[in-house]
Amino acid sequence: MDLFDFENGREGYYGEYGGTFLPEILHTTIEQLKTEFRKAKQDPAFWQEFVSLMQSYSGRPTPVSPLPNLSAKLGGAQIYIKREDLNHTGSHKINNVMGQGLLVKRMGKSRVIAETGAGQHGYATATMAARFGFESKIYMGAVDVARQRPNVFWMENMGSEVVPVTDGQQTLKDAINECLRDWVTNMDNTHYVLGTACGPHPFPEMVSWFQSIIGHEAREQILTAAGKLPDRIYACVGGGSNAIGIFQGFMEDTEVELIGCEAGGFGPGQGNHAARLAYKDASVGVAQGMKTYFLQNDDGNMLETHSVAAGLDYIGVNPILVNLWEKNRVRFEAVTDQEVTEALKLSMRLEGVIPALESAHGFAQAIKEATQMQPNEVILINMSGRGDKDIFTIADALDDQHWKQFISEKAAGYRGGES
Amino acid sequence: MSLQHYLADCHEQLGDKNRRAMLMTHVVCGYPSFEDNWQALEVMQEFGVELVELQFPFSEPSADGPLFVKANQSAIDAGVHVADCFAFMRKVSNHFSFKVIMMGYYNTVFKTGSDSFLKQLKEAGGEAFILPDLPVDEAGELHSAAAQYGLDPILLMTPTNTDERLQQLANAARGFIYTVARKGVTGSSTDMNQDLAEFIKRCRQHTDLPLAVGFGVSKKSDIDFIGEHADIAVIGTAALQAWEQGGAVKLREFFTQLTQS
Amino acid sequence: MDLFDFENGREGYYGEYGGTFLPEILHTTIEQLKTEFRKAKQDPAFWQEFVSLMQSYSGRPTPVSPLPNLSAKLGGAQIYIKREDLNHTGSHKINNVMGQGLLVKRMGKSRVIAETGAGQHGYATATMAARFGFESKIYMGAVDVARQRPNVFWMENMGSEVVPVTDGQQTLKDAINECLRDWVTNMDNTHYVLGTACGPHPFPEMVSWFQSIIGHEAREQILTAAGKLPDRIYACVGGGSNAIGIFQGFMEDTEVELIGCEAGGFGPGQGNHAARLAYKDASVGVAQGMKTYFLQNDDGNMLETHSVAAGLDYIGVNPILVNLWEKNRVRFEAVTDQEVTEALKLSMRLEGVIPALESAHGFAQAIKEATQMQPNEVILINMSGRGDKDIFTIADALDDQHWKQFISEKAAGYRGGES
Amino acid sequence: MSLQHYLADCHEQLGDKNRRAMLMTHVVCGYPSFEDNWQALEVMQEFGVELVELQFPFSEPSADGPLFVKANQSAIDAGVHVADCFAFMRKVSNHFSFKVIMMGYYNTVFKTGSDSFLKQLKEAGGEAFILPDLPVDEAGELHSAAAQYGLDPILLMTPTNTDERLQQLANAARGFIYTVARKGVTGSSTDMNQDLAEFIKRCRQHTDLPLAVGFGVSKKSDIDFIGEHADIAVIGTAALQAWEQGGAVKLREFFTQLTQS
């Protein structure tokens, strides 16, 4: 199944979803981007350049690791994880970002902007900008700036300007709006490095393409490691880039069940979560450049969302995944904050791996289902990122008293003038 | 009478004496309140504006500048719904002599349902709609339906468009065309210069519809410039700024300097 | 040159250095360890098991990345880095730890202990213990606990007990003493996972062997990437494990100059630094199980040491390296804290890489020398770890005001009862 | 008179009447101060101890338990140097009738230089040295040199040693042998039981030298046990604890309970 043949004649549409909903002033820019992207996609040398950059700079291929202890404890399926956490900068976000960086170079632009929620994409973009020598500005909801300061610190140190966005809910979606505002002003020299497989076409296709490196590697690796294709693949879904990234390796393998894991937050009910498809609180809309499911009210205004994982705390979702969901090719499930915390603890204790809170959503759902599966069945989870940069969030989620004391002492030290 | 004819009439009545351009002003529905909106509209009526955009607040106003972003957000927080905007529009179109245009983002239309939305818009006395995030390529169905209701889709032409694209926009446009004076979002002021004049000339080559010029119009000289090169001056942020500074009094002052001869 | 043939008949000696200086009660334990290690080393299947574990769990081989921007800016040699930072847990320490984990399994022991300074080795050991299902206790100087709390947090969450050591200078050396005290008590079921190529024989040999995976990979990789052997290789030297690890790939290549970079701290002068060989403040002694150069006074008591990098802040040094230094096979240089901070900033800005403060010592020395080299010459730096886990230290080193404010606000939040 | 003969004499004099074991006690040079050391030694002398270990403070006392670790550290912090320890030893050996043994870590010897160290030790009236971190395998040269000075290396035998190793240790040992009652470091108390008795028996099979038993000796019953199974009870931490609790008074109380008949 080629997701991108657009056989219905509507380029950028996946069933009813997708499209390019942008202010007219960006029309030329986006057309140019489409053209450059199309050329790059058809040029095998481009993909080769991308792969070898990812090898030498980011450590690809990332391995597939078995989790024997967790599997044994659950007593069901054999669990494996795809280790996107081992990428340079600690998550799959770098795949997309380096790919776009190469495109920016081809387009001859000198400046990049990016939104970021969890900070991972901003961190990756700042890294890419430093490496490619681009000027860069990262927009980040003020709430996220506060909860993800370590990422801000690194972005700034890599030479990016980080702009806290104080509009709206001051989170990811607002940072996207702010990027669009920058872009309509500076499109001549500026590329907007969108961080997930959302937004106007060609971004969903483009981001998916770069992230497909995950799935292509993973298919070969799991065949070697497990001796068979996985029965189920779990991936967390924020905007949907890591999920579509790994899923693409297995599109033709209809016997492989694909499960997207959304942020269930406090559970169902508007405002409690960021589950667009697994719960029933979202509906189709058009915003942020695309037509897809949004968590919105009857007026089409967006709802508050909540998740312990900033990177999943988003109103919309990858239109390609929505289409695959409608076609029953991808199942969607939501995982609550609490289930996520438990899954995180289990994987730290039993396997010595610290998934990002986002990725831990995939772990949690897999853990729920593994027990009901047979020992000869195989599960593959996309570990989209590592959790050690989320220390402030995780320490809070675990309500760690030592940590709080440490922070208080550190603060007292700063007040006292020592450093 | 169609919007285009209305504007032709207005243009004729205006002649060349008082001012060079027709005026289109803007209020964000329910910001700071519907009462404030009403008073502002009264001032605008005093100064004889020909058109008013009523912006339906949206949570993701990505084409707006900071002041309108805040206005959208505040209105939503204050509980302004689509139904309230239509109710207000009906009152406004019944009461005032200027023509009323819906401005907003496409999701408001989409979520309400195109047909339902257009029907309500028509019933509320609206003449047209401006949806800056709905490109013409995606607008086919909506535009056909609008035509059935006699509602005009107002399209934007921008300095970055190719001639080919301008022609495509012209073909789909009705009522008048909103030409965007510069890159960027609403808000900050625009340098009305030779480049802009040439851009307007480029637009003119593709259409006979009246041309509105928007984004950053705030001074008498802007109006003069637009009067000279185009047809309608769009006054957005500057008027809201005046209102925020001192309500009807300041707004009147603002329009006085803007329209003095 | 086989470093470990002990042709002079003194097993565990490298020239005059090395040996096994332990309390008699550990004699049997260390003999057993030597035997098991010798068996493992002679068993090709063991190394194969080690390599494949490192592949699937830690993402080896780690790549060699070119630093084109830094090279261009300096205008001298072409600089490459070996990316040990991309390992699981973020440093080369995991190589040694997983190797020892496999040995522990062979020996049938169920508990591990480890010292840690920077926290990286403790973090790696806690990870290994979780993965292998060992009970584990990590000893860490109380001063280091305070400055490396994030690592403590993760160790605890992976199920290790972290014990702050309040003796002596409350740093790495004291944690080693404390491990020895635990070991003399619990040797029956406990293995002491020493974290660097120091301590009593067979540790220097054993740790070096596991770390040699770096050098073996690197040699092949740099040949491919640069088309020739490097002219110079730089590695920071704390205990000396990452340095001996990479150097071993090039022992026979006498044209390759090997440079160990020590912690110059505030500069020469007793108590100001932790440079055992590059400065003249150290002398030969016997402590912590081995004979080597120590920063000690005339009574043989150890001096205070200082480095911005906790992992280099150690009194002693790998006896193998001392021997190679005496034989003029390895050159030693010291790098001051300030030079390190500058090197860190440069590599972040120009290349989007964040070396650990330890690794940044290698970067700093390479940067100093690269300018005097020719563009057809090649430099390889061992990037032993990533810096993002050092955020507290690096923020302090850079005196980052935003960070201080963030910490103060966070602390205020905790006081206020929110979390 | 050699240490071994001295001990044989002591043993003979003791007979079986007052107590079952000879005593070796321990002070850390300069902790809490040399004056305190001196007073403590006076008490020990009162109770007729046969041997005293003077520990030369070392910064890395990895075979010691918490109390001695602290004592070593404090003495160093207070400025106690190797030269001070030798000077003190000379005073002690001149004044008291017990025999004095240097105890410490090998680096103190190594850094001073073996020959210089042994020479000074001899001059200070020391009889022997105990270096717990110097295994016999590494000690060959030092032991030969010591023999030339008539100084005895005191070796440790431990419960984890094989018979083969015990034999090797016995071959190198002079003066007496320090048998370690249990695993672990100095400090916490030891359960004097059948296992220990059997370990001592194993040691005895390899040597005729007097056997000292150390690590955790603190009670009368320990002394009795050691008297029954070995020769010398080593009293370390327990005495220092008493001193810290109340100086000479408490120390005297401690020895009183320890040696009461």
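Lettered A, B, C and D in written order, each chain numbered from 1.
Everything that follows uses one rule, which is that contacts are C-beta pairs under 8 Å (C-beta built on N, C-alpha and C of every residue); 3 or more make two chains touch, one makes a residue touch a chain.
Fair warning: this is a prediction, and the values are worked out from it, not measured in the lab.
Separation of chain B from chain C in touch steps, taking the shortest path, is 2.
Using mean Cα coordinates as chain centres, the one most removed from chain C is B. Remark: chain C and chain D have CA centroids separated by 38 Å (rounded to whole angstrom). Chain geometry summary: the mean Cα position of chain B and that of chain D are 98 Å apart. Inter-chain centre distance (chain A to chain D, centres taken as mean C-alpha positions): 66 Å. Rounded to whole angstrom, the centroid-to-centroid distance between chain A and chain C, based on C-alpha atoms, equals 33 Å.
Chain contact topology: the protein chains form an open path, each linked only to its neighbours in the line. Going by the touch rule set out above, the chain pairs that meet are A-B, A-C, C-D. By the touch rule above, chain A contacts chain B in their complex via residues 19-29, 167-168, 173, 176-177, 180-181, 184-187, 283-289, 291, 294, 296, 298-302. Those residues of chain A whose C-beta lies close enough to touch chain C in the complex are 55-59, 62-66, 69, 83, 85-88, 90, 126-131, 133, 146, 149-150, 152-154, 156-159, 225, 345, 348-354, 388-389, 391-392, 395-396, 398-400, 402-404, 406-412, 414-415, 419. For chain D in complex with chain C, the residues that touch the partner chain are 57-63, 65-66, 69-70, 73, 76, 81-82, 105-108, 110-112, 132-138, 155-162, 165, 169, 180, 183-185.
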